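A short write-up of the structure that comes next.
Lettered A, B, C, D and E in written order, each chain numbered from 1.
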Amino acid sequence: MVIGIVTGSVVASQKTANMDGLALRVVRRITPEGELSDSYVVAVDALGAATNEYVIVASGSTARQTTATDNKPIDAIIMAIIDTWQIGNRIIYDKSSQSIATG
Amino acid sequence: MVIGIVTGSVVASQKTANMDGLALRVVRRITPEGELSDSYVVAVDALGAATNEYVIVASGSTARQTTATDNKPIDAIIMAIIDTWQIGNRIIYDKSSQSIATG
Amino acid sequence: MVIGIVTGSVVASQKTANMDGLALRVVRRITPEGELSDSYVVAVDALGAATNEYVIVASGSTARQTTATDNKPIDAIIMAIIDTWQIGNRIIYDKSSQSIATG
Amino acid sequence: MVIGIVTGSVVASQKTANMDGLALRVVRRITPEGELSDSYVVAVDALGAATNEYVIVASGSTARQTTATDNKPIDAIIMAIIDTWQIGNRIIYDKSSQSIATG
Amino acid sequence: MVIGIVTGSVVASQKTANMDGLALRVVRRITPEGELSDSYVVAVDALGAATNEYVIVASGSTARQTTATDNKPIDAIIMAIIDTWQIGNRIIYDKSSQSIATG
């Protein structure tokens, strides 16, 4: 999985079957030091992540391993909203303080 | 999934079995700021996307999760045509205005 | 899928079971502008592609979705030989003229 | 698989179903010469790897091939903790001496 | 698949179940011109490849398509040991002469 920050949303009325009700969020990947990267993924969000929250995205066939996404043509899912992210004893991100300490 | 713009098509008469009738579109990936990247993918299009439309492409085994592509030897599919793409409150792309605001 | 040009072949007498008779071709990936990239893939060829022909390669579990490759330990297959590749109204490659117009 | 070093952990209370009890570790990938790279992965750890230990991470559907991870929405798993890593006759890493010789 | 050269080995006593007896080799990827790249993969070797031999590695769920690796948590396998690798009429690698001509 990768760590990312929810930056936006995509809305699409024309889509393949069985996609109704699945929210599509744009998630920007984060570097191992906690900085924004140039890389992103569009992921299904079944957890209700807010913009700017740090999340974990699982990709590939793995994205279909939930009741909401089983047999759906999607390849990425937000599978967790991060509370804390720690490197050794250093806190990189703490949701309760809504701040990020860049390396 | 990734966001891309439909730039062209590929036609092939010699192909593996069961591929008849599946349109193959060339989709150029878009950066998280809405700019063209050097990366592309050839994807099956079952939605009838037009050239220059913004689409979402799903890859891997996921591409076979539709009636049209089940058991076919394809690894990418256009699973949605984008209406709007938004970062925070900023509209990156709005199909109704056919314009893109680059970051 | 990606677009590539067949550049060579690999021959191997020691291989995992059930691989007899499967030709292994080296396919160099092509950029979206029709130029050679530094990236390549070794793909099974069940279509008889010739050296210098432009082909479409599918990867991952997708490569096993044909009768010839079912249950085989291969992760890439030439699933089509390209006749024409077009960006908008511009022809990037036309097999009948055996030429490529680089961008 | 890739070789990485366990650098940290991620804690998440909001996650998809069936994820309780699975530890999520941040693993930084190592170059073939034994140096830290800029790339990382979040992997499930069912072996109890300690921070700074060298591990092997398997990705994709492969990550679900254990009793602990079967049918779970995860795409990376620590499948081994490395004792020794050797290039030719040169030892790159030896857990018993807890040191790494960079190339 | 990709072409690589076997450069080393990894030994691990702590690993997920069912991994006993599977040799783990470090394989450095080769560029399309026959040169060493900075990229590598750890692959299961069921063929007995020697250090410095050129091999073909298959990745993903494909790596589980052999009797030795079925249902195992591994995502890369050496599926062939290369005898010859040819680009057009030029021999890039010939195992019988144990030499490589770089481009």
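Here, a contact is a pair of C-beta atoms (placed from the backbone, for glycine too) under 8 Å apart; a residue touches a chain by one contact, two chains touch by 3 or more.
If you're wondering where the values come from, they're calculated on a predicted model, not measured in any experiment.
> Moving only from a chain to one it touches, give the least number of moves from chain A to chain E.
Minimum step count, chain A to chain E: 2.
> At what distance in angstrom does the C-alpha mean of chain D lie from that of chain B?
Chain B and chain D have C-alpha centres separated by 33 Å.
> From the C-alpha centre of chain D to that of chain E, how far is it in Å?
Here the centre of chain E sits 21 Å away from the centre of chain D.
> Which positions in chain D are in touch with at least two other chains?
Only 60-61, 63 qualify.
> What is the sequence of chains around the ring when one begins at chain A and proceeds first to chain D?
A, D, E, C, B
> Help me check something: in the complex, which residues belonging to chain C touch chain E?
7-17, 19, 24, 26, 28, 38-43, 51, 60-61, 63-64, 71-76
> Quick check on the complex: what are the chain A residues that touch chain D?
It comes out as residues 1-3, 31-32, 46-47, 56, 58-63, 65-67, 77, 79-88, 92.
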